[in-house]
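Each chain gets a letter, A, B, C and D, in the order it is written, and its residues are counted from 1.
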Amino acid sequence: MYKPLWRACRAAAIALSVVAAFGIAVKAQTPKDVLVVGHVAELQTLDPAQAVTISDFRILSNIYEGLVRYKDASLDVEPGLATSWTVSPDGKTYTFKLREGVKFQDGSPFNSASVKFDIDRVIDKNHPYNHTGPFPFVFLLGPIASVDAPDPSTVIIHLKNPYAPMLTMLASAIGGLTGVSPDAVKKYDKEFARHGGGTGPFTFTIWEAGQRFVLERNENYWGPKPKLKALVFRPIIDENARVSEMQTGGTDLTIEVPPDNVATFKADPGKFTYYEQPGPHLWYLLLNTEEKPFDDKRVRQAANYAINKEAMADQILKGTATPAAGPTPPAFTWAHDPNLKPYPYDPAKAKQLLAEAGYPNGVDVTFYVTESGSGMLSPQLMGTAIQADLAAVGIRAKIETYEWNTFLGKILPGMKGKANMAELSFMSQDPDMHPSLTLRTDSAINSGRYKNKEVDKLLTEGRTESDTVKRAEIYKKFQDIVYDDAPWVFIVNWKQNAVSGANVKGFRLHPSFTTRLWEVWKE
Amino acid sequence: MRNYILRRLLLMVPVLFGITVIVFLVIWLIPGDPAKAILGTFATPENVAKLNHDLGLDRPLPVQYLIWLGNVLRGDFGRSYILHRPVIDEVLDRLFPTLLLAGTALILSSAFGVLLGIIAAIRQNGWQDKLITIAVLIGISTPSFWLGILLIFWFAVRLAWFPVGGMQALFGGGDLVDVIHHLALPAITLAAVAGAVLVRLTRGNMLEALRQDYVRTARAKGLSEGRVIYVHAFRNALVNIVPIIGLEAGFVLGGAVYIETVFQWPGIGRMLVSAISTRDILLVQGGVLIVATCYVFINLLTDIVQCILDPRIGQA
Amino acid sequence: MSSTLLSTSEVVRVYGRRLSLLGQGGKPVRAVDGVSIGVARGRTLGIVGESGSGKTTLARMMVGLLPPTAGSIEIDGRSVPELALSDRKTLHRMVQMVFQDPVSSLNPRKTVRSILEAPLKALLGMGPEQRNQRIAELLSLVSLRAEFADRYPHEFSGGQAQRIGIARALAAEPELIVLDEPVSSLDVSVQAQVLLLLSDLQRRLNLTYVFISHDLAVVETISDEVAVMHLGKVVERGLRAQIFAKPQHDYTRLLLSSIPAVRRRAQ
Amino acid sequence: MNVAIEKATPAPEPADTRAGRPSAWKLLTRNGVTSVGLALLAIIVVIVLLAPVLPLANPDAADAVHRLQPPFSSGHIFGTDQVGRDILSRLIWGTGVSLAVGVVAAAAAAAIGSAIGLCAAFYGRYVDMVLMRGVDMLMAFPYLLLALAIVAALGPGLLNAMFAIIVVNIPFFARAVRGATLSVVRADFIAAARLSGLSDLRIIASELFPNILPTIVITASTTVGWMILETAGLSFLGLGAQPPQADLGGMLGDGRNLIEVAPHVATIPGIVILLVAIGINLVGDGLRDVLDPKLKSGGLARAHAKTAVAPPDQRLGRLSSAPLDPHSLLSVRGLETHFTIGREIHRAVGGVSFAVKPGEAIGLVGESGSGKTVTALSILGLVATPPGKIVGGAILYRGDDIADTSLAHLQEIRGNRIAYVFQDPLTTLNPLITVGEQVAETIRRHRGLKRAEAWREAVRLLEAVHIPDAAARARSYPHELSGGQRQRVGIAMAVANGPELIVADEPTTALDVTTQAQVLKLLNELRHERGAALVFISHDVGVIAELCDVVHVMYGGRIVESGPVGVVFNSPQHPYTQRLLACVPELGRPERLIQPIPGIPPAANALPPGCAFAPRCQLAEARCRSGAIELSRIGPDHWARCVRAAAGNA
């Protein structure tokens, strides 16, 4: 009776099944010489001087090299684009001998002039290419006074003051900015961030927004050639999708596996390889020491006692982190004080300290939490768990959640009148860097307004002392004081993790939170 | 009819103008200093001052708007400070995938929505009708993002029939079959809700059309039921369905935000979600403006189709 | 009895000068085009015409619901359009209207009581007790039972609803009632009831009617004077007998010859 | 004043319909599906409202050690979430938040949108233009995208999300309410209210608002479900409720990353959203069925291709076996057509018999509700089913009973042997098809002509019905023609295939008298030219008198008197016919007394026993009010259904 309709239905059904059948038949195979990486975010910039997120640095560290670099699996420095260097006795002049015959990926030569160009571009406001910024981490280069290039293979960096972390800073991912091709900067100008150009083992080729970011082997690389022909980074922001893609073979390697999914991958070693690597990371609560109640050391300690750090590390983060004992992460093996033990989980003691401080009935505080952010692990989850632990001893925290940039904008100028505590984390390559920024009385971004002359003195000593053994002693003293004074609540140190297909070989996570993929191959 | 289309085109001018005003005002809605919000982490005083000047935020609102509109008309939507590229470039890169997804979903939902709607209407109160009604009820009550997650879990992860996400295979992909393969789950998810709404409306409009006097006239002429239903009733129902399809286009374009997020589709929706979370306001502005403009044109198209279908409209 | 109560002079109403985004929308239509008529106190003026002749527009202008584009309308020597702007209460105590569709002229969400109360309160300022008494009177005047007051319009048949419409018009105690096709949506048997009621009321209350209809036979039955409208103009007017017996205008003749008569062929 | 003054008799009270009018609540709950929805919503709302007193865990109390407990673990019926909070408790509180947000957003959008729509429609012109262009601009954004932009600017948060959702939904209300208001503003009762001296504000408040309230409620009931889903969606994207506050979308968003490890965390809130939305949608549908006048009286039911017919044994049982007139073309015998609306049966046609000889013109005359149209439509099964059904009688076409024939056979007769002309030519022609094609398609259907040939034939027919410039006019759409021309097209369609019988159902009622005269003349000419019989239906005795040979007067679904036109109209025997003729004003005889019939015609669902006219009849006696009264012959070819007429001739 209604034939046309049924005919249409039948046609549609046939068409659908054909498509479905085709669809199922097509299984795209990743070639053996290409590694597909499930990446946590979109790439934001190809300019190492502009990059701000570890996810960017994980990609950029395969394109750019600094004058020096970290050794495998350690934060010790070894030659990079410079083959050797000397430091003047006063610690203010660094002279680098550059590697000969290195060419940028665009074919232009790497030499002292290019290094000078690169550093001047960032630190000199009057440099013709300074407008290619903004350069958010320019303050890290703050100690540099000037750069000289007496001959093509020699670069001399003059510092304003002695600065012990200088080499580690140059070895870090940010150090990659010294290996930027001046020709490329001149050619692309403001668009350099979308094109890049370095000396590293891989060259950027394709950037499809939201889909993939492709690096290809630099055939003219000065060092040992990468085994892989290409790296494909797929931005998969959704955690769940990242896991699913890994499970279904859509990606070969996923860095930062959500804690809850770790067990799944670990359980199947025939199919997956799981990696872990502690790094210099600390997840902590920044306390506003300027205002009540955290102006009182006892309350700060009470907060440290109140929080069940083991439960967080084991339950919420599923063993992807370890409870933190003090301001210096254990990954700084030389500077870390192994005698410090995390504040024990002791609600009774916390209550007692709180009562002693004059808060027998507890106290209300405002707690800034962020939605996500570099190194913040699961900030909202952690925030809620912390809120619950604190509430159990009488610190009633009201959570205010902000998006990462807003969050930083709220915290960095100081929390006075706004909040009593905020969750934060840091990753740095030197034990000086973070404390100097956040705990020194005279630092602009000492947001907790912590004031301790002894700490100030120790930090000044630490950054000017070039002897590592002596430096280590200084930092251990520093740790003891800060542990006891508790301007922060020390929560956990993160172990970065990754999972790859069992056929992926030669992959290692690096403590510096970069991803070095030139030694990786697939079987 | 030509006059009608011309009039409709002219009417688009104030609407497009209004869209730009609303989109522009989004910046004005930002509490506090917009420049600071836009620059986020990079909000050094010099940068803020520079952006304030670039955006003309130091001038009166109407002047700001005119400057902004002038830039927009020249294709300059400003620069994303997060992605380090002109907003327009990013938006255009993302536009095609969104249109592909939304377009497929719209076609799927229209085709199945109308088809099932007709079946439900001509089998009113029969088992087909009841089955369709239940399916529709579930369809309009299901959050699309939830449906998407369930579909991925079963059809991509468990059964591995379809890819988990993305628009094309990284290798050997990009051809039609591959894209359809990737498109299937997200498009079906997106089409499910829109289609359900359409089934209802088609059913209602068909039933209404079938009750009209002219259908009785057609039957009184001895025409076959097929002709009565498809030529006489359906054409009239279609006049009311077409504008709904236009509305559905908006529904689908908006719903793409969820679906793109869940299915890693490289479209504008996903871009907007990350732009919102990084407070990349200029990118949000540009994305919304472009999609809204597309939508206005889609509506123009449905109006023209409706005008072709119904000779009365062109003369009204 | 011969003084003119309502008169119009060269009244014009133009439609279609509509405001639109793109200038003037469509060509203006002269719905009423220079009409001059009058009705004397206590008499009935019948206006007859086919659809689109401008009868309803004229009626609405007479009661002040529509302003004329040009020309003047006077009731008892005062300008209707001016009163409509400045003193609606006075105007509507003088002139009321009964509408064609008895169902759409009654608010479906109000009881008969509250429909009838509105003019009593707003126009006559009556207190509650007085109102109740008056409502009962009004209902009995139109031959409806008092208990109907608390019912809703949809509970009534067309004829009953039209009686309520008439009662509502009567509530304001006007001198003039404009009846716009008051019986054309009613069945013949009910139509006769309403016509009869209208004549009865006119006699008892000394009302003046402007009676508008497309039905020549009905107009002939009820009118003293008749005006024939065609395309916005009055083509012929005069005493009833004159118009029906000796029509002068072609259009009137055409109208008359088009009416099928029940006994014409039979006789 | 020449109208005869008969003391206006108070109308008898109509059958009390009040008891039969169920309340909105009853109507709502009568629909089983809606009741399910109501129950579902009620359960959800009660649980949510009881949340403060239920023995629930603190919804925000995290317990990291006991996170992701599966459902039915100790102390947590639905398990715990990613920070060890009790899912059941969060679910209940979260549902409350989602419902509250949905309802508040719907209420706010309804209030603002309705105010805009109301003002735009009531004040019109500039106000309308400014307001509605603004609404258009909001509408120009793809749904939800504007909400995203607003949230982007204001920052994430439940209140901001709600605000965005409200803004996005305002246009729907503004448009719907404007439309509804426009149709009410034009209603006469608004003019009546003005005439009653009410101020604009009073008119808006007491006349307009109550009448558009159903529209607002319907729109709100459809949008509140969306709004809950949308708010959930924004929360899902992390733009809505912020932790630790629970709402359904946020819970789902939090849980989606655990779909593999702990599927219950996302699945349970998903199911609850589904249930809430289903409940709201079901109730919304129910509300719409109750409030939308279009859907009243049992909803939209599709009309079947032919009228339902009772099986022959039931249908023919009551028929007498009187011999058939062998000359009749069509013979309707004891036709009974009923409508079932709700639980009420309307006896629209209660046993009608008449016959049409070839070339003869018969008229069916009666007031509205007398059953004449249903009789005509029953002939070829064109009464809408549901609710109509032929429950009795036979329809004999050339001696064959076609009441129950196959659809295919019926379609062969329709438009071919027997053709119809309907009342309102605007609604009975398809507005989207050219008139030429509408004529041509019936030619193609029955004569199998090729498309071009059929078109030429259609143009010839349009010429035959005196449509000027027929070749060009054939390409016009119905709305481009005048009422008279449209009816000419209707006639052209009817005569297209040279039918033996034309059934014309009030073909001139919607036309002006001058046009009516032309159309009647045309119909009469064509009929004679082509030798077709005519069944002509009208309420206008004058028209019948002019056109027909035989007249059947109908009242209350039955023929009360029939005979040759001259006989019936000159010496009516049935009191109804007499009084009907007496109350029709006659042109040229203004001095004649108009005698109204007291009371109102009976409703088809409450026909009195005995003679249907008895309650209005001044001559009625006891025997008129009980038992069946047969149509009796009172003269040659003259029949009447009246005890007095029968007795007088006995």
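Here is the rule we go by: a residue touches a chain if its C-beta (ideal position, glycine included) is under 8 Å from a C-beta of that chain, and two chains touch if they have at least 3 such contacts.
Every value quoted in this text rests on a predicted model; they were computed, and no experiment measured them.
Asks: Of the chains present, which has its C-alpha mean closest to the combined C-alpha mean?
Replies: B
Asks: Which chain maximises the distance between its CA centroid and that of subunit A?
Replies: C
Asks: Weigh A-D against B-D on C-beta contact pairs and write down the one with more.
Replies: Between the two chain pairs, B-D has more contacting C-beta pairs.
Asks: If you average the Cα atoms of subunit B and of subunit C to get two centres, how far apart are those centres in Å?
Replies: 52
Asks: What is the distance in Å between the mean C-alpha positions of subunit A and subunit D?
Replies: Centre separation, subunit A to subunit D: 68 Å.
Asks: Find the geometric centre of each of subunit B and subunit D from their Cα atoms only, then give the gap between the two centres in Å, rounded to an integer.
Replies: Once rounded, the distance between the two centres reads 33 Å.
Asks: Just curious, how far off is subunit C from subunit A if you go by their C-alpha centres, in Å?
Replies: 86
Asks: For subunit A, give me the residues that contact two or more of the other chains.
Replies: Expected reply: 238, 240, 244, 371, 403, 406.
Asks: In subunit D, which residues are in touch with two or more of the other chains?
Replies: If we look for residues of subunit D contacting two or more partner chains, we find 133, 155-156, 238, 256, 259-260.
Asks: Tell me, which residues of subunit C touch at least two other chains?
Replies: Counting only residues that touch two or more other chains, subunit C contributes 21.
Asks: Which residues of subunit B touch subunit A once you look at their complex with the stated criterion?
Replies: Within the complex, subunit B touches subunit A at residues 36-37, 40-44, 47, 82-85, 90, 93-94, 97, 111-112, 115, 118-119, 122, 149, 152-153, 156-157, 160-173, 177-178, 180-181, 184, 225-226, 229-230, 261-267, 270-271, 274, 277-279.
Asks: Where on subunit D does subunit A make contact in their complex?
Replies: Against subunit A, subunit D makes touches at 60-65, 67-68, 82-85, 155-156, 238, 242-244, 256-262.
Asks: In their complex, what parts of subunit D are in touch with subunit B?
Replies: Its residues touching subunit B are 133-134, 136-138, 140-156, 225, 229, 232-233, 236-239, 249, 252, 256, 259-260, 263, 266, 270, 273-274, 277-278, 280-282, 294, 300-303, 305-306, 377, 380, 382, 384, 407, 410-416, 419-420, 422, 424, 427-433, 441-442, 445-446, 477, 479-480, 490, 493.
Asks: Quick check on the complex: what are the subunit A residues that touch subunit B?
Replies: Against subunit B, subunit A makes touches at 1-5, 8-9, 12, 19-20, 22-24, 26, 28-31, 34, 36, 41-42, 44-45, 47, 50, 52, 134, 136, 191, 193-194, 208-212, 232, 234-238, 240-241, 244-245, 247-248, 250, 371-372, 403-406, 408-409.
Asks: Touching residues of subunit B toward subunit D in the complex: what are they?
Replies: Counting only subunit B, the residues touching subunit D are 14-16, 18-19, 21-23, 26-27, 29-31, 121-122, 124, 137-138, 140-146, 149-150, 153, 157, 204, 206-208, 210-225, 227-228, 231-232, 235-236, 239, 247, 249-255, 257-258, 261-262, 272-273, 275-277, 279, 281, 284-285, 288, 291-292, 295-296, 299, 309-312, 315.
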